[in-house]
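Below, subunit A partners subunit B and then partners subunit C, in two separate complexes.
Take a look at the complex of A and B:
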């Protein structure tokens, strides 16, 4: 049910052990009490043990998102399912709390469920904020690059466009409108200067953890290599990008 | 403009200010004077370039005067290094100006998140009430206040729109997840001991209405009052 969280899991090293613990934790997303109400969920879980629970999936997406330099495809469906589940469990808890017949032991369990709900919410919050941070950082890049649009939810895309506009407006108002007309552009491409529209740095090294045996991947120097299941390697992000999107590796 | 210094000196001062702000983690007052002088330097550089290039204007196509053309080429070769120097200074100044403003925007966004998205609180905080926190509004340029307002509005729209289309979720994200709650540490306990630092009136919690008066202590459900901790009304103890 509840598992050990690290005090400081912002520390990069906390990643792998945390994933493993999340994965091995029994029934971590579900709780016996909830089954009496929810019905059917135990069946869903039992039929495919290898299938991760939604919360475990979220943990993986959350870690990936936190470690990847680029914005990953949003997990709207997964979040929707988790939110529904949270809503349902909160209702169940309310019902049980209101029931005067609940025993002492049950009250203790209710407290555990409530704590767990808060912690799941924490991960969801952190996941959304991580995406928001990247979206704002690369807002102007996103606004001009249609390929990224499908990775964002509609609300996120709208926010990115609005944000890009707000920043450009601010620059124009504070600086650019006072400059001579030919200096007012925000997208100059000048030799020996970094580009004016920051884009994600896909060369940034990441730690990739192979979840299955991976097909060969091409390294920047032209040679090919393969990752066995369980192997962890440090590579530039773009090398493992397609494996990450297929869910064959996880960033840790 | 500052004729004693080199081109770009002022812009360096501006960057130093940004760096100082990062190093001390404080918001410095918007340096309107310096920004304006750099913009004046930009205009000055621009007119200098124009004055230089006026003699090297490309010849008319109708006028195939070879000697004049050669002379112009010579003149152009003479002034080009100067033009290049001015041009580099212009580009650098512009980048510094933008970097300064960008840096401030990032800082303001951090501030905005750190008070839990309570923009009125951030902008109207009188110096007396916020312990040690100086008045923030006086340090902003009017455009920065505008920026914060539109940023807050954009986030509000995002929160109401977000995930409303997601499977089964009829309501927005806002109801379940408070985006502005802190994300530094996962919650460990349901309940938390708090000490009231500033009066915040009656708050409805799980245990019923509680009147938070300065100096009192309570044991309350964390999620009920988390935003009050973030905004500095309560302190964990």
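Take a look at the complex of A and C:
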């Protein structure tokens, strides 16, 4: 447990070793995509290792969503699985409660199951609320950018479009129709002013925790750097965005 | 709005506690229970006095109903923390602590002080470690640059504490370095 990571970090980054490291970077198909991120993650200290259950994965996605300035791909499969599980557990609890022969032991089993259901529901609710907040904040941007559409579920996409239309209608009715025709637009680009359609701020710094050794990434000043497994660094969002989408990095 | 403003920039400590409570701890049950299937896995059967592993939230629930004793994790004892405290005060870098030690220690000290050896000393040690690390984070603020800041061995609760300052600071630095400073010194706008 030596503390000379300083020396490693100051080693020259660019140059032929970059190519070697890029060549030796982990293959993408070692880490299956979808909603399973493999068993490859490990904790910082051995006690932090937990199995990668669906609930653990949801917690990771929830924390990523909370910290990221942009909307991340929605995890419908994962949510569906967990919601089914919750429904099954609630039904079992109902059956057990209705049964008059249940003993003392059953009571606190039921209580534990109910507590866990509440915990999972809390995380699911918070996850959906965070996404909803971002969708409403960037509704017009989403409506005009087709690439984001695949990150949203069908219901979310419909909501975004309807919300954008409603807001536009509201603005038109209350203010814009009384303005001269040249000033009625909601999407003009004026020089030196921020755009009228707010886009997610990809420059915002985030704390990224590397779950595996990451391939090199490009920093704002042009230099390249890479993260070792277990390293935490504070860096602009766009630097780690592609790693986050691949699941090699989690926001903490 | 969908998300209250207080939640928009960072995670709250109770939420961090929720995440930390998923970790497994060992308990010595005082009642017996069959193997039960939960959403995060199946736990049990509980057969006193054999030890069993279960998530921290379950263990603290049972402890509050006086149905188990919690075995403290290997790092929650006076010697380990004393050793870490000396490392914190002598070396300029952060010592290696379990990632969610603050949350887990808080839960265990609140719920099961009788299962820990010398809880008062543990409290003072944890407080001292926390203050030493906070002092180092404050110094780390001067190392902020718009590219990347590596924080070795920083823990969840501490990251949450420094998040507002560091994020805003780095965002401003990014803005300043993105736009080259204006050339005229005369115009004051």
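Keep this in mind: the second predicted complex is superposed on the first by the 201 of 252 C-alpha atoms of A that agree within 3 Å, B and C clash if a C-alpha of one lies under 4 Å from a C-alpha of the other, contacts with A are read in each partner's own complex, and residues count from 1 in each chain.
Here, a contact is a pair of C-beta atoms (placed from the backbone, for glycine too) under 8 Å apart; a residue touches a chain by one contact, two chains touch by 3 or more.
Bear in mind that the values here come from a model prediction, so they are computed numbers and not experimental data.
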Which partner does A:219 contact after superposing on A: first (subunit B), second (subunit C), both, neither?
second
Classify the contacts of A:79 with the two partner chains as first (subunit B alone), second (subunit C alone), both, or neither.
first
Counting only touches as set out at the top, which of subunit B and subunit C does A:154 meet: first, second, both, neither?
first
So, does A:246 touch the first partner subunit B, the second partner subunit C, both, or neither?
neither
Taking the superposition on A as described, I'd like to know which of subunit B and subunit C A:183 touches: first, second, both or neither.
first
Report for A:119: first if it touches subunit B alone, second if subunit C alone, otherwise both or neither.
both
In the overlay, answer first, second, both or neither for which of subunit B and subunit C A:136 touches.
both
After superposition on chain A, the subunit A residues reached by both subunit B and subunit C are 5, 9, 86, 111, 115, 119, 122-123, 126, 129, 132, 136
Help me check something: in the complex, which residues belonging to subunit A touch subunit C?
1, 3, 5, 9, 43-45, 47-48, 50-51, 53-56, 59, 63, 66-67, 82, 85-86, 89, 105, 108-109, 111-113, 115-117, 119-120, 122-123, 126, 129-130, 132-133, 136, 203-207, 219-221, 223, 225, 231-236, 239, 252
Which bits of subunit A are touching subunit B when the two form their complex?
5, 7, 9-10, 76-77, 79-81, 83-84, 86-87, 111, 114-115, 118-119, 121-126, 128-129, 132, 136, 153-156, 158-159, 162-163, 166-167, 169-171, 173-175, 178-180, 182-183, 188, 190, 193, 196
Per the touch rule, the subunit B residues reaching subunit A in their complex are 35-36, 39, 42-43, 46, 90-91, 94-95, 97-98, 101-102, 105, 109, 141, 143-144, 146-147, 150-151, 154-155, 157-158, 161-169, 173, 176-179, 181, 183-190, 222-223
Write out the stretch or stretches of subunit C touching subunit A in their complex.
1-3, 7-8, 10-11, 15, 18-19, 22-24, 31-34, 36, 38-41, 57-58, 61-62, 65, 67, 73-75, 91, 93, 96-100, 146-154, 156, 159, 163, 166-167, 170-171, 174, 177-178
